[in-house]
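One structure, as C-alpha coordinates, below. Some questions next.
Naming follows writing order (A, B, C and D), and every chain is counted from residue 1.
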Amino acid sequence: MEVTVRPVTAADKAEWQVLYDGYQRFYERPDLPQSFFDAAFERLLAGDPHDFHGLVAEEDGQLLGLTHYVFHPNLWRPEGVCYLQDLFTAPEARGKGVARALIEAVYAAADAKGVPAVYWLTAENNYPGRMLYDRVAVRSPFIRYNRPL
Amino acid sequence: MEVTVRPVTAADKAEWQVLYDGYQRFYERPDLPQSFFDAAFERLLAGDPHDFHGLVAEEDGQLLGLTHYVFHPNLWRPEGVCYLQDLFTAPEARGKGVARALIEAVYAAADAKGVPAVYWLTAENNYPGRMLYDRVAVRSPFIRYNRPL
Amino acid sequence: MEVTVRPVTAADKAEWQVLYDGYQRFYERPDLPQSFFDAAFERLLAGDPHDFHGLVAEEDGQLLGLTHYVFHPNLWRPEGVCYLQDLFTAPEARGKGVARALIEAVYAAADAKGVPAVYWLTAENNYPGRMLYDRVAVRSPFIRYNRPL
Amino acid sequence: MEVTVRPVTAADKAEWQVLYDGYQRFYERPDLPQSFFDAAFERLLAGDPHDFHGLVAEEDGQLLGLTHYVFHPNLWRPEGVCYLQDLFTAPEARGKGVARALIEAVYAAADAKGVPAVYWLTAENNYPGRMLYDRVAVRSPFIRYNRPL
(Lines give C-alpha, C1' and ligand atoms only; values in the text may rest on other atoms or scores of the structure.)
Protein backbone atom coordinates (compact mmCIF):
# COMPACT_ATOMS: atom_id res chain seq x y z
CA MET A 1 0.00 0.00 0.00
CA GLU A 2 1.16 3.47 -0.67
CA VAL A 3 0.51 6.78 0.98
CA THR A 4 -1.33 9.18 -1.31
CA VAL A 5 -2.07 12.84 -0.71
CA ARG A 6 -5.26 14.54 -1.91
CA PRO A 7 -7.46 17.53 -1.04
CA VAL A 8 -9.72 17.03 1.93
CA THR A 9 -13.39 16.37 1.09
CA ALA A 10 -16.66 16.51 3.01
CA ALA A 11 -16.60 12.75 3.57
CA ASP A 12 -13.34 13.06 5.56
CA LYS A 13 -14.77 15.06 8.41
CA ALA A 14 -14.76 12.49 11.20
CA GLU A 15 -11.27 11.20 10.47
CA TRP A 16 -9.97 14.70 9.79
CA GLN A 17 -11.25 15.86 13.17
CA VAL A 18 -9.45 13.07 15.02
CA LEU A 19 -6.21 14.14 13.38
CA TYR A 20 -6.71 17.86 13.91
CA ASP A 21 -7.60 17.26 17.53
CA GLY A 22 -4.37 15.30 17.94
CA TYR A 23 -2.47 18.21 16.43
CA GLN A 24 -4.09 20.73 18.76
CA ARG A 25 -3.25 18.50 21.74
CA PHE A 26 0.38 18.34 20.62
CA TYR A 27 0.41 22.12 21.03
CA GLU A 28 -1.37 21.77 24.36
CA ARG A 29 -4.67 23.20 23.21
CA PRO A 30 -6.89 20.34 24.37
CA ASP A 31 -10.65 20.32 24.72
CA LEU A 32 -11.55 22.64 21.89
CA PRO A 33 -15.31 22.88 21.32
CA GLN A 34 -16.98 21.10 18.41
CA SER A 35 -17.73 24.52 16.92
CA PHE A 36 -13.98 25.08 16.45
CA PHE A 37 -13.69 21.96 14.30
CA ASP A 38 -16.92 22.68 12.42
CA ALA A 39 -15.80 26.18 11.50
CA ALA A 40 -12.30 25.13 10.46
CA PHE A 41 -13.60 22.26 8.32
CA GLU A 42 -16.14 24.47 6.61
CA ARG A 43 -13.40 26.94 5.69
CA LEU A 44 -11.23 24.20 4.21
CA LEU A 45 -14.09 23.07 1.94
CA ALA A 46 -15.19 26.55 0.89
CA GLY A 47 -12.58 26.97 -1.83
CA ASP A 48 -11.95 30.62 -0.97
CA PRO A 49 -8.63 31.53 -2.62
CA HIS A 50 -7.84 33.91 0.27
CA ASP A 51 -8.47 31.25 2.90
CA PHE A 52 -7.01 27.90 3.94
CA HIS A 53 -6.73 24.77 1.87
CA GLY A 54 -6.44 21.27 3.30
CA LEU A 55 -4.69 18.14 2.15
CA VAL A 56 -4.88 14.68 3.69
CA ALA A 57 -2.59 11.66 3.43
CA GLU A 58 -4.40 8.39 2.94
CA GLU A 59 -3.38 4.75 2.96
CA ASP A 60 -5.75 1.92 2.34
CA GLY A 61 -8.75 4.21 2.80
CA GLN A 62 -7.55 5.56 6.13
CA LEU A 63 -6.41 9.10 6.87
CA LEU A 64 -2.89 9.18 8.32
CA GLY A 65 -2.11 12.88 8.26
CA LEU A 66 -3.20 16.38 7.32
CA THR A 67 -1.85 19.76 6.36
CA HIS A 68 -3.48 23.18 6.06
CA TYR A 69 -1.95 26.04 4.07
CA VAL A 70 -2.89 29.51 2.91
CA PHE A 71 -1.60 31.97 0.35
CA HIS A 72 -1.06 35.47 1.70
CA PRO A 73 0.48 38.66 0.37
CA ASN A 74 4.11 39.57 0.93
CA LEU A 75 5.31 43.05 0.09
CA TRP A 76 8.67 41.77 -1.05
CA ARG A 77 7.14 39.30 -3.55
CA PRO A 78 4.33 40.32 -5.90
CA GLU A 79 3.04 36.74 -6.24
CA GLY A 80 2.75 36.31 -2.46
CA VAL A 81 3.82 33.44 -0.25
CA CYS A 82 2.37 30.17 0.97
CA TYR A 83 2.13 29.62 4.71
CA LEU A 84 1.88 26.01 5.82
CA GLN A 85 0.25 26.43 9.20
CA ASP A 86 -0.69 22.92 10.30
CA LEU A 87 1.01 19.56 9.75
CA PHE A 88 0.18 16.38 11.60
CA THR A 89 0.72 12.66 11.26
CA ALA A 90 -1.24 10.14 13.32
CA PRO A 91 1.07 8.74 16.02
CA GLU A 92 0.56 5.18 14.76
CA ALA A 93 1.57 6.20 11.21
CA ARG A 94 4.95 7.76 12.02
CA GLY A 95 7.97 6.74 10.00
CA LYS A 96 6.15 6.13 6.72
CA GLY A 97 7.01 9.43 5.13
CA VAL A 98 3.53 10.90 5.67
CA ALA A 99 4.74 14.35 6.74
CA ARG A 100 7.25 14.53 3.93
CA ALA A 101 4.58 13.57 1.38
CA LEU A 102 2.28 16.28 2.75
CA ILE A 103 4.98 18.97 2.62
CA GLU A 104 5.89 17.98 -0.92
CA ALA A 105 2.23 18.14 -1.92
CA VAL A 106 2.05 21.69 -0.57
CA TYR A 107 5.16 22.54 -2.57
CA ALA A 108 3.41 21.19 -5.68
CA ALA A 109 0.22 23.10 -4.95
CA ALA A 110 2.25 26.27 -4.46
CA ASP A 111 4.02 25.73 -7.75
CA ALA A 112 0.69 25.16 -9.51
CA LYS A 113 -0.49 28.49 -8.14
CA GLY A 114 2.70 30.30 -9.19
CA VAL A 115 3.62 31.02 -5.57
CA PRO A 116 6.76 28.98 -5.03
CA ALA A 117 7.80 30.45 -1.65
CA VAL A 118 6.50 28.15 1.10
CA TYR A 119 7.33 28.60 4.77
CA TRP A 120 6.21 27.43 8.18
CA LEU A 121 6.95 28.05 11.83
CA THR A 122 7.76 25.39 14.36
CA ALA A 123 8.72 25.29 18.01
CA GLU A 124 12.47 25.31 18.50
CA ASN A 125 12.18 22.10 20.52
CA ASN A 126 9.97 20.19 18.05
CA TYR A 127 12.81 17.74 17.54
CA PRO A 128 11.01 15.04 15.54
CA GLY A 129 9.56 17.67 13.24
CA ARG A 130 12.88 19.42 12.76
CA MET A 131 14.63 16.16 11.84
CA LEU A 132 12.38 16.11 8.79
CA TYR A 133 12.33 19.87 8.15
CA ASP A 134 16.13 19.98 8.00
CA ARG A 135 15.92 17.55 5.09
CA VAL A 136 13.16 19.20 3.04
CA ALA A 137 13.59 22.86 3.97
CA VAL A 138 16.06 25.41 5.27
CA ARG A 139 16.04 26.80 8.77
CA SER A 140 16.08 30.58 8.69
CA PRO A 141 17.49 32.75 11.47
CA PHE A 142 14.02 34.26 11.98
CA ILE A 143 12.15 33.96 15.26
CA ARG A 144 8.62 35.03 16.04
CA TYR A 145 7.46 37.77 18.39
CA ASN A 146 3.81 38.04 19.45
CA ARG A 147 1.86 40.95 20.77
CA PRO A 148 0.93 40.13 24.37
CA LEU A 149 -2.82 39.47 24.50
CA MET B 1 8.29 68.42 18.38
CA GLU B 2 6.63 65.09 18.69
CA VAL B 3 6.67 61.96 16.61
CA THR B 4 3.28 61.24 15.08
CA VAL B 5 2.21 58.14 13.18
CA ARG B 6 -0.24 58.23 10.26
CA PRO B 7 -1.12 56.23 7.13
CA VAL B 8 1.23 56.69 4.21
CA THR B 9 -0.09 58.96 1.42
CA ALA B 10 0.85 59.55 -2.21
CA ALA B 11 2.86 62.66 -1.28
CA ASP B 12 5.22 60.55 0.85
CA LYS B 13 6.67 58.54 -1.98
CA ALA B 14 10.18 59.97 -2.22
CA GLU B 15 10.81 59.96 1.51
CA TRP B 16 9.13 56.58 1.93
CA GLN B 17 11.40 55.11 -0.71
CA VAL B 18 14.55 56.32 1.05
CA LEU B 19 13.37 54.59 4.21
CA TYR B 20 12.30 51.37 2.52
CA ASP B 21 15.56 51.20 0.63
CA GLY B 22 17.41 51.54 3.94
CA TYR B 23 15.36 48.69 5.33
CA GLN B 24 16.09 46.45 2.37
CA ARG B 25 19.80 47.22 2.69
CA PHE B 26 19.68 46.26 6.37
CA TYR B 27 18.56 42.84 5.18
CA GLU B 28 21.28 42.87 2.53
CA ARG B 29 18.96 43.25 -0.42
CA PRO B 30 20.63 46.27 -2.00
CA ASP B 31 20.12 47.65 -5.49
CA LEU B 32 16.47 46.80 -5.95
CA PRO B 33 15.00 48.20 -9.19
CA GLN B 34 12.72 51.25 -9.14
CA SER B 35 9.91 48.97 -10.27
CA PHE B 36 10.11 47.15 -6.92
CA PHE B 37 9.47 50.39 -5.03
CA ASP B 38 6.79 51.54 -7.46
CA ALA B 39 4.85 48.31 -7.14
CA ALA B 40 5.13 48.16 -3.35
CA PHE B 41 4.04 51.79 -2.96
CA GLU B 42 1.08 51.34 -5.26
CA ARG B 43 -0.09 48.37 -3.19
CA LEU B 44 0.13 50.35 0.05
CA LEU B 45 -2.08 53.09 -1.40
CA ALA B 46 -4.64 50.79 -3.02
CA GLY B 47 -6.62 50.15 0.15
CA ASP B 48 -7.14 46.47 -0.62
CA PRO B 49 -8.24 44.86 2.66
CA HIS B 50 -6.41 41.64 1.69
CA ASP B 51 -3.16 43.47 0.96
CA PHE B 52 -0.60 45.54 2.85
CA HIS B 53 -1.17 48.77 4.73
CA GLY B 54 1.54 51.31 5.47
CA LEU B 55 2.13 53.70 8.34
CA VAL B 56 4.80 56.37 8.61
CA ALA B 57 6.26 58.20 11.60
CA GLU B 58 6.70 61.89 11.10
CA GLU B 59 8.36 64.70 13.02
CA ASP B 60 8.41 68.29 11.90
CA GLY B 61 7.24 67.31 8.41
CA GLN B 62 9.96 64.70 7.96
CA LEU B 63 9.48 60.93 7.74
CA LEU B 64 11.52 59.08 10.34
CA GLY B 65 10.21 55.55 10.02
CA LEU B 66 7.76 53.18 8.39
CA THR B 67 5.89 49.96 8.96
CA HIS B 68 3.91 47.69 6.63
CA TYR B 69 1.37 45.16 7.86
CA VAL B 70 -1.23 42.82 6.44
CA PHE B 71 -4.19 40.88 7.79
CA HIS B 72 -4.23 37.24 6.80
CA PRO B 73 -6.33 34.21 7.74
CA ASN B 74 -5.35 31.84 10.52
CA LEU B 75 -7.18 28.56 10.89
CA TRP B 76 -6.96 28.70 14.67
CA ARG B 77 -8.56 32.15 14.87
CA PRO B 78 -11.70 33.04 12.89
CA GLU B 79 -10.89 36.77 12.87
CA GLY B 80 -7.41 36.17 11.42
CA VAL B 81 -4.07 37.65 12.43
CA CYS B 82 -2.04 40.74 11.64
CA TYR B 83 1.47 40.25 10.28
CA LEU B 84 3.82 43.19 10.71
CA GLN B 85 6.31 42.51 7.94
CA ASP B 86 8.44 45.64 7.73
CA LEU B 87 9.63 48.06 10.40
CA PHE B 88 12.34 50.65 9.92
CA THR B 89 13.62 53.79 11.57
CA ALA B 90 15.99 56.18 9.82
CA PRO B 91 19.47 55.72 11.34
CA GLU B 92 19.63 59.40 12.34
CA ALA B 93 16.28 59.13 14.20
CA ARG B 94 17.13 56.22 16.46
CA GLY B 95 16.42 56.50 20.16
CA LYS B 96 13.31 58.70 19.85
CA GLY B 97 10.79 55.91 20.23
CA VAL B 98 9.92 55.83 16.52
CA ALA B 99 9.81 52.03 16.25
CA ARG B 100 7.80 51.69 19.42
CA ALA B 101 5.30 54.29 18.18
CA LEU B 102 4.94 52.43 14.89
CA ILE B 103 4.38 49.07 16.58
CA GLU B 104 1.81 50.59 18.90
CA ALA B 105 0.02 52.15 15.94
CA VAL B 106 -0.19 48.73 14.29
CA TYR B 107 -1.61 47.35 17.53
CA ALA B 108 -4.23 50.09 17.45
CA ALA B 109 -5.05 49.44 13.78
CA ALA B 110 -5.39 45.74 14.51
CA ASP B 111 -7.73 46.47 17.42
CA ALA B 112 -9.82 48.75 15.21
CA LYS B 113 -10.17 45.90 12.73
CA GLY B 114 -11.09 43.37 15.41
CA VAL B 115 -7.93 41.36 14.79
CA PRO B 116 -5.95 41.77 17.97
CA ALA B 117 -3.28 39.12 17.31
CA VAL B 118 -0.22 40.86 15.85
CA TYR B 119 3.08 39.09 15.18
CA TRP B 120 6.33 39.60 13.34
CA LEU B 121 9.52 37.73 12.55
CA THR B 122 12.99 39.02 13.16
CA ALA B 123 16.49 37.71 12.76
CA GLU B 124 17.79 36.10 15.94
CA ASN B 125 20.77 38.45 15.88
CA ASN B 126 18.81 41.68 15.31
CA TYR B 127 19.94 42.87 18.72
CA PRO B 128 18.79 46.50 18.57
CA GLY B 129 15.39 45.41 17.35
CA ARG B 130 15.03 42.73 19.98
CA MET B 131 15.86 45.16 22.78
CA LEU B 132 12.65 46.94 21.84
CA TYR B 133 10.62 43.85 20.97
CA ASP B 134 11.29 42.31 24.38
CA ARG B 135 9.59 45.36 25.91
CA VAL B 136 6.52 45.56 23.67
CA ALA B 137 6.00 41.92 22.70
CA VAL B 138 6.72 38.35 23.72
CA ARG B 139 9.30 36.16 22.08
CA SER B 140 7.75 32.86 21.08
CA PRO B 141 9.71 29.60 20.74
CA PHE B 142 8.80 29.49 17.04
CA ILE B 143 11.41 29.55 14.32
CA ARG B 144 10.92 29.76 10.58
CA TYR B 145 11.68 27.14 7.94
CA ASN B 146 11.71 28.04 4.25
CA ARG B 147 11.32 25.86 1.22
CA PRO B 148 14.67 25.92 -0.63
CA LEU B 149 14.20 27.94 -3.82
CA MET C 1 20.81 -8.46 30.68
CA GLU C 2 21.17 -5.09 32.19
CA VAL C 3 23.27 -2.08 31.31
CA THR C 4 25.84 -1.29 33.98
CA VAL C 5 28.11 1.75 34.18
CA ARG C 6 31.66 1.59 35.57
CA PRO C 7 34.97 3.44 35.29
CA VAL C 8 36.95 2.71 32.16
CA THR C 9 39.93 0.35 32.64
CA ALA C 10 43.03 -0.50 30.63
CA ALA C 11 41.39 -3.61 29.21
CA ASP C 12 38.68 -1.50 27.55
CA LYS C 13 40.97 0.30 25.14
CA ALA C 14 39.99 -1.33 21.84
CA GLU C 15 36.25 -1.11 22.43
CA TRP C 16 36.54 2.36 23.95
CA GLN C 17 38.38 3.56 20.86
CA VAL C 18 35.64 2.31 18.53
CA LEU C 19 33.10 4.28 20.54
CA TYR C 20 35.18 7.44 20.85
CA ASP C 21 35.92 7.33 17.14
CA GLY C 22 32.17 7.11 16.47
CA TYR C 23 31.64 10.14 18.68
CA GLN C 24 34.29 12.17 16.91
CA ARG C 25 32.75 11.26 13.56
CA PHE C 26 29.34 12.42 14.79
CA TYR C 27 30.97 15.83 15.26
CA GLU C 28 32.58 15.52 11.83
CA ARG C 29 36.13 15.07 13.09
CA PRO C 30 36.95 11.89 11.19
CA ASP C 31 40.37 10.32 10.64
CA LEU C 32 42.01 11.32 13.89
CA PRO C 33 45.49 9.79 14.32
CA GLN C 34 46.07 6.86 16.67
CA SER C 35 48.15 9.19 18.85
CA PHE C 36 44.97 11.19 19.63
CA PHE C 37 43.27 8.10 21.02
CA ASP C 38 46.40 6.91 22.85
CA ALA C 39 46.85 10.24 24.59
CA ALA C 40 43.17 10.61 25.54
CA PHE C 41 43.02 7.06 26.91
CA GLU C 42 46.17 7.51 28.94
CA ARG C 43 44.73 10.64 30.54
CA LEU C 44 41.51 8.84 31.48
CA LEU C 45 43.48 6.11 33.27
CA ALA C 46 45.95 8.45 35.01
CA GLY C 47 43.61 9.31 37.87
CA ASP C 48 44.67 12.97 37.90
CA PRO C 49 41.98 14.81 39.89
CA HIS C 50 42.43 17.89 37.67
CA ASP C 51 41.99 15.89 34.46
CA PHE C 52 39.27 13.82 32.78
CA HIS C 53 37.56 10.74 34.11
CA GLY C 54 35.88 8.12 31.94
CA LEU C 55 32.88 5.88 32.44
CA VAL C 56 31.65 3.13 30.17
CA ALA C 57 28.27 1.42 29.85
CA GLU C 58 28.46 -2.31 29.51
CA GLU C 59 26.00 -5.06 28.72
CA ASP C 60 26.91 -8.72 28.57
CA GLY C 61 30.61 -7.90 28.46
CA GLN C 62 30.27 -5.43 25.59
CA LEU C 63 30.78 -1.67 25.74
CA LEU C 64 27.72 0.23 24.53
CA GLY C 65 28.60 3.79 25.45
CA LEU C 66 31.04 6.15 27.11
CA THR C 67 31.24 9.48 28.87
CA HIS C 68 34.17 11.70 29.85
CA TYR C 69 33.93 14.42 32.50
CA VAL C 70 36.21 16.76 34.38
CA PHE C 71 35.96 18.91 37.49
CA HIS C 72 37.06 22.50 36.99
CA PRO C 73 36.99 25.66 39.10
CA ASN C 74 34.15 28.15 38.93
CA LEU C 75 34.52 31.52 40.59
CA TRP C 76 30.87 31.58 41.59
CA ARG C 77 31.06 28.21 43.38
CA PRO C 78 33.92 27.36 45.75
CA GLU C 79 33.52 23.61 45.20
CA GLY C 80 33.79 23.96 41.41
CA VAL C 81 31.68 22.38 38.68
CA CYS C 82 31.64 19.17 36.68
CA TYR C 83 31.81 19.44 32.90
CA LEU C 84 30.52 16.42 31.00
CA GLN C 85 32.37 16.85 27.71
CA ASP C 86 31.73 13.62 25.81
CA LEU C 87 28.75 11.30 25.68
CA PHE C 88 28.20 8.57 23.13
CA THR C 89 26.10 5.48 22.64
CA ALA C 90 26.89 2.89 19.98
CA PRO C 91 24.33 3.27 17.17
CA GLU C 92 23.19 -0.33 17.56
CA ALA C 93 22.54 0.19 21.29
CA ARG C 94 20.24 3.21 21.05
CA GLY C 95 16.96 3.15 22.93
CA LYS C 96 18.17 1.07 25.89
CA GLY C 97 18.75 3.97 28.23
CA VAL C 98 22.54 3.90 27.84
CA ALA C 99 22.99 7.67 27.63
CA ARG C 100 20.67 8.28 30.54
CA ALA C 101 22.53 5.72 32.66
CA LEU C 102 25.83 7.40 31.81
CA ILE C 103 24.56 10.87 32.70
CA GLU C 104 23.13 9.61 35.97
CA ALA C 105 26.44 7.95 36.79
CA VAL C 106 28.21 11.28 36.25
CA TYR C 107 25.66 12.92 38.56
CA ALA C 108 26.48 10.28 41.19
CA ALA C 109 30.24 10.74 40.73
CA ALA C 110 29.80 14.50 41.09
CA ASP C 111 27.81 14.05 44.27
CA ALA C 112 30.47 11.72 45.68
CA LYS C 113 33.03 14.42 45.04
CA GLY C 114 30.88 17.15 46.62
CA VAL C 115 30.55 19.00 43.30
CA PRO C 116 26.86 18.68 42.48
CA ALA C 117 26.74 21.17 39.57
CA VAL C 118 27.06 19.21 36.32
CA TYR C 119 26.70 20.79 32.89
CA TRP C 120 27.37 20.07 29.25
CA LEU C 121 27.15 21.73 25.88
CA THR C 122 25.39 20.33 22.87
CA ALA C 123 24.69 21.47 19.34
CA GLU C 124 21.34 23.22 19.06
CA ASN C 125 20.33 20.72 16.36
CA ASN C 126 21.38 17.56 18.22
CA TYR C 127 17.73 16.54 18.31
CA PRO C 128 18.10 12.94 19.56
CA GLY C 129 20.42 14.11 22.32
CA ARG C 130 18.15 16.95 23.34
CA MET C 131 15.12 14.65 23.59
CA LEU C 132 16.98 12.95 26.43
CA TYR C 133 18.60 16.07 27.91
CA ASP C 134 15.22 17.78 28.28
CA ARG C 135 14.21 14.90 30.56
CA VAL C 136 17.31 14.69 32.75
CA ALA C 137 18.54 18.29 32.71
CA VAL C 138 17.47 21.88 32.15
CA ARG C 139 18.27 23.87 29.06
CA SER C 140 19.86 27.17 29.99
CA PRO C 141 19.68 30.31 27.84
CA PHE C 142 23.47 30.26 27.49
CA ILE C 143 25.20 29.90 24.15
CA ARG C 144 28.88 29.49 23.44
CA TYR C 145 31.23 31.93 21.71
CA ASN C 146 34.68 30.83 20.54
CA ARG C 147 37.78 32.85 19.80
CA PRO C 148 38.43 32.54 16.06
CA LEU C 149 41.52 30.37 15.60
CA MET D 1 43.73 59.04 28.64
CA GLU D 2 43.79 55.47 27.48
CA VAL D 3 42.29 52.31 28.82
CA THR D 4 44.96 49.86 29.98
CA VAL D 5 44.46 46.28 31.07
CA ARG D 6 46.57 44.66 33.80
CA PRO D 7 46.34 41.83 36.34
CA VAL D 8 44.29 42.59 39.41
CA THR D 9 46.30 43.36 42.56
CA ALA D 10 45.54 43.47 46.27
CA ALA D 11 45.13 47.24 46.18
CA ASP D 12 42.20 46.91 43.74
CA LYS D 13 39.88 45.14 46.13
CA ALA D 14 37.34 47.88 46.89
CA GLU D 15 36.94 48.98 43.26
CA TRP D 16 37.01 45.39 42.01
CA GLN D 17 34.19 44.49 44.39
CA VAL D 18 31.98 47.31 43.12
CA LEU D 19 32.44 46.00 39.58
CA TYR D 20 31.95 42.34 40.45
CA ASP D 21 28.86 43.18 42.43
CA GLY D 22 27.49 45.02 39.38
CA TYR D 23 28.17 41.94 37.28
CA GLN D 24 26.38 39.64 39.69
CA ARG D 25 23.41 41.99 39.76
CA PHE D 26 23.29 41.93 35.95
CA TYR D 27 22.75 38.18 36.27
CA GLU D 28 20.18 38.82 38.99
CA ARG D 29 22.26 37.46 41.85
CA PRO D 30 21.99 40.47 44.15
CA ASP D 31 22.89 40.67 47.80
CA LEU D 32 25.79 38.24 47.90
CA PRO D 33 27.54 38.13 51.28
CA GLN D 34 30.91 39.81 51.80
CA SER D 35 32.41 36.35 52.24
CA PHE D 36 31.62 35.60 48.58
CA PHE D 37 33.69 38.58 47.43
CA ASP D 38 36.48 37.89 49.92
CA ALA D 39 36.83 34.29 48.77
CA ALA D 40 36.72 35.13 45.06
CA PHE D 41 39.28 37.91 45.43
CA GLU D 42 41.64 35.72 47.42
CA ARG D 43 41.52 33.08 44.68
CA LEU D 44 42.34 35.64 42.00
CA LEU D 45 45.43 36.76 43.90
CA ALA D 46 46.64 33.27 44.84
CA GLY D 47 48.32 32.60 41.50
CA ASP D 48 47.18 28.96 41.41
CA PRO D 49 47.63 27.82 37.78
CA HIS D 50 44.55 25.59 38.10
CA ASP D 51 42.36 28.42 39.39
CA PHE D 52 41.05 31.76 38.13
CA HIS D 53 43.05 34.76 37.01
CA GLY D 54 41.73 38.31 37.00
CA LEU D 55 42.40 41.29 34.78
CA VAL D 56 41.14 44.84 35.25
CA ALA D 57 40.78 47.73 32.83
CA GLU D 58 41.97 51.04 34.17
CA GLU D 59 41.79 54.62 33.03
CA ASP D 60 43.26 57.53 34.93
CA GLY D 61 43.69 55.39 38.04
CA GLN D 62 40.08 54.16 38.03
CA LEU D 63 38.87 50.64 37.38
CA LEU D 64 36.36 50.50 34.52
CA GLY D 65 35.98 46.77 33.99
CA LEU D 66 37.11 43.29 34.93
CA THR D 67 37.42 39.79 33.55
CA HIS D 68 38.10 36.43 35.20
CA TYR D 69 39.36 33.40 33.29
CA VAL D 70 40.63 29.91 34.01
CA PHE D 71 42.53 27.25 32.10
CA HIS D 72 40.94 23.84 32.24
CA PRO D 73 41.58 20.49 30.55
CA ASN D 74 39.83 19.47 27.37
CA LEU D 75 40.06 15.89 26.16
CA TRP D 76 40.12 16.98 22.54
CA ARG D 77 43.08 19.34 23.04
CA PRO D 78 46.18 18.32 25.00
CA GLU D 79 47.06 21.93 25.89
CA GLY D 80 43.58 22.56 27.36
CA VAL D 81 41.28 25.53 26.87
CA CYS D 82 40.73 28.92 28.44
CA TYR D 83 37.28 29.70 29.85
CA LEU D 84 36.47 33.38 30.22
CA GLN D 85 33.77 33.22 32.89
CA ASP D 86 33.18 36.84 33.89
CA LEU D 87 33.31 40.07 31.92
CA PHE D 88 31.95 43.38 33.09
CA THR D 89 32.25 47.06 32.26
CA ALA D 90 31.06 49.78 34.62
CA PRO D 91 27.81 51.23 33.23
CA GLU D 92 29.32 54.73 33.09
CA ALA D 93 32.29 53.46 31.04
CA ARG D 94 30.36 51.79 28.22
CA GLY D 95 31.33 52.57 24.64
CA LYS D 96 35.06 53.08 25.27
CA GLY D 97 36.17 49.65 24.15
CA VAL D 98 36.71 48.35 27.70
CA ALA D 99 35.16 44.93 27.12
CA ARG D 100 36.99 44.47 23.84
CA ALA D 101 40.30 45.39 25.50
CA LEU D 102 39.63 42.88 28.27
CA ILE D 103 38.79 40.07 25.85
CA GLU D 104 41.87 40.81 23.79
CA ALA D 105 44.00 40.75 26.92
CA VAL D 106 42.63 37.30 27.75
CA TYR D 107 43.48 36.20 24.21
CA ALA D 108 47.04 37.44 24.77
CA ALA D 109 47.31 35.72 28.16
CA ALA D 110 46.05 32.50 26.59
CA ASP D 111 48.62 32.77 23.82
CA ALA D 112 51.38 33.39 26.35
CA LYS D 113 50.34 30.20 28.11
CA GLY D 114 50.22 28.18 24.87
CA VAL D 115 46.46 27.64 25.21
CA PRO D 116 45.01 29.56 22.30
CA ALA D 117 41.43 28.25 22.49
CA VAL D 118 39.35 30.76 24.47
CA TYR D 119 35.59 30.49 24.91
CA TRP D 120 32.77 31.90 26.98
CA LEU D 121 29.06 31.46 27.49
CA THR D 122 26.51 34.23 27.37
CA ALA D 123 22.77 34.49 27.65
CA GLU D 124 21.08 34.36 24.26
CA ASN D 125 19.41 37.70 25.01
CA ASN D 126 22.54 39.54 26.19
CA TYR D 127 22.20 41.83 23.19
CA PRO D 128 24.79 44.49 24.09
CA GLY D 129 27.32 41.79 24.87
CA ARG D 130 26.62 39.88 21.67
CA MET D 131 27.06 43.00 19.53
CA LEU D 132 30.67 42.97 20.68
CA TYR D 133 31.14 39.19 20.74
CA ASP D 134 30.05 38.89 17.11
CA ARG D 135 32.96 41.17 16.22
CA VAL D 136 35.71 39.52 18.28
CA ALA D 137 34.56 35.90 18.38
CA VAL D 138 32.41 33.32 16.62
CA ARG D 139 29.06 32.15 17.85
CA SER D 140 28.98 28.37 18.01
CA PRO D 141 25.79 26.31 17.70
CA PHE D 142 26.36 24.96 21.23
CA ILE D 143 23.90 25.54 24.04
CA ARG D 144 24.26 24.67 27.70
CA TYR D 145 22.30 22.11 29.70
CA ASN D 146 22.46 22.09 33.51
CA ARG D 147 21.73 19.32 35.96
CA PRO D 148 18.66 20.40 37.94
CA LEU D 149 19.79 21.24 41.47
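The rule is short, and it goes like this: a residue touches a chain if its C-beta (ideal position, glycine included) is under 8 Å from a C-beta of that chain, and two chains touch if they have at least 3 such contacts.
All values derive from a computational prediction rather than experimental measurement.
J.: So which chains are sitting against chain A and chain B at once?
T.: Chains touching both chain A and chain B: none.
J.: What's the chain with its C-alpha centre farthest out from chain C?
T.: It is B.
J.: In terms of residue numbering, is the interface formed by chain C and chain D classified as same (over half shared) or different (under half shared)?
T.: same
J.: Report the inter-chain centroid distance for chain A and chain D in whole angstrom, where each centroid is the mean of the CA atoms.
T.: Comparing mean C-alpha positions, chain D is 47 Å from chain A.
J.: Where the CA atoms of chain C average out and where those of chain D average out, how many Å apart are those spots?
T.: 27
J.: Averaging only over C-alpha atoms, locate the centres of chain B and chain D and give their separation in whole Å.
T.: Chain centroid spacing, chain B to chain D, equals 39 Å.
J.: Do you know which chain B residues sit against two or more other chains?
T.: Touching at least two other chains: 125.
J.: All pairs of touching chains, please: list them by chain label.
T.: Pairs satisfying the touch definition: A-B, A-C, B-D, C-D.
J.: In the complex of these two chains, what residues of chain D are touching chain B?
T.: Chain D residues touching chain B: 125, 127-128, 130-131, 134.
J.: Going by the contact rule set out above, which residues of chain C touch chain D in the complex?
T.: 29, 39-40, 43-44, 50-52, 68, 70, 72-76, 78, 83, 85-86, 107, 110, 116-125, 133, 136-149
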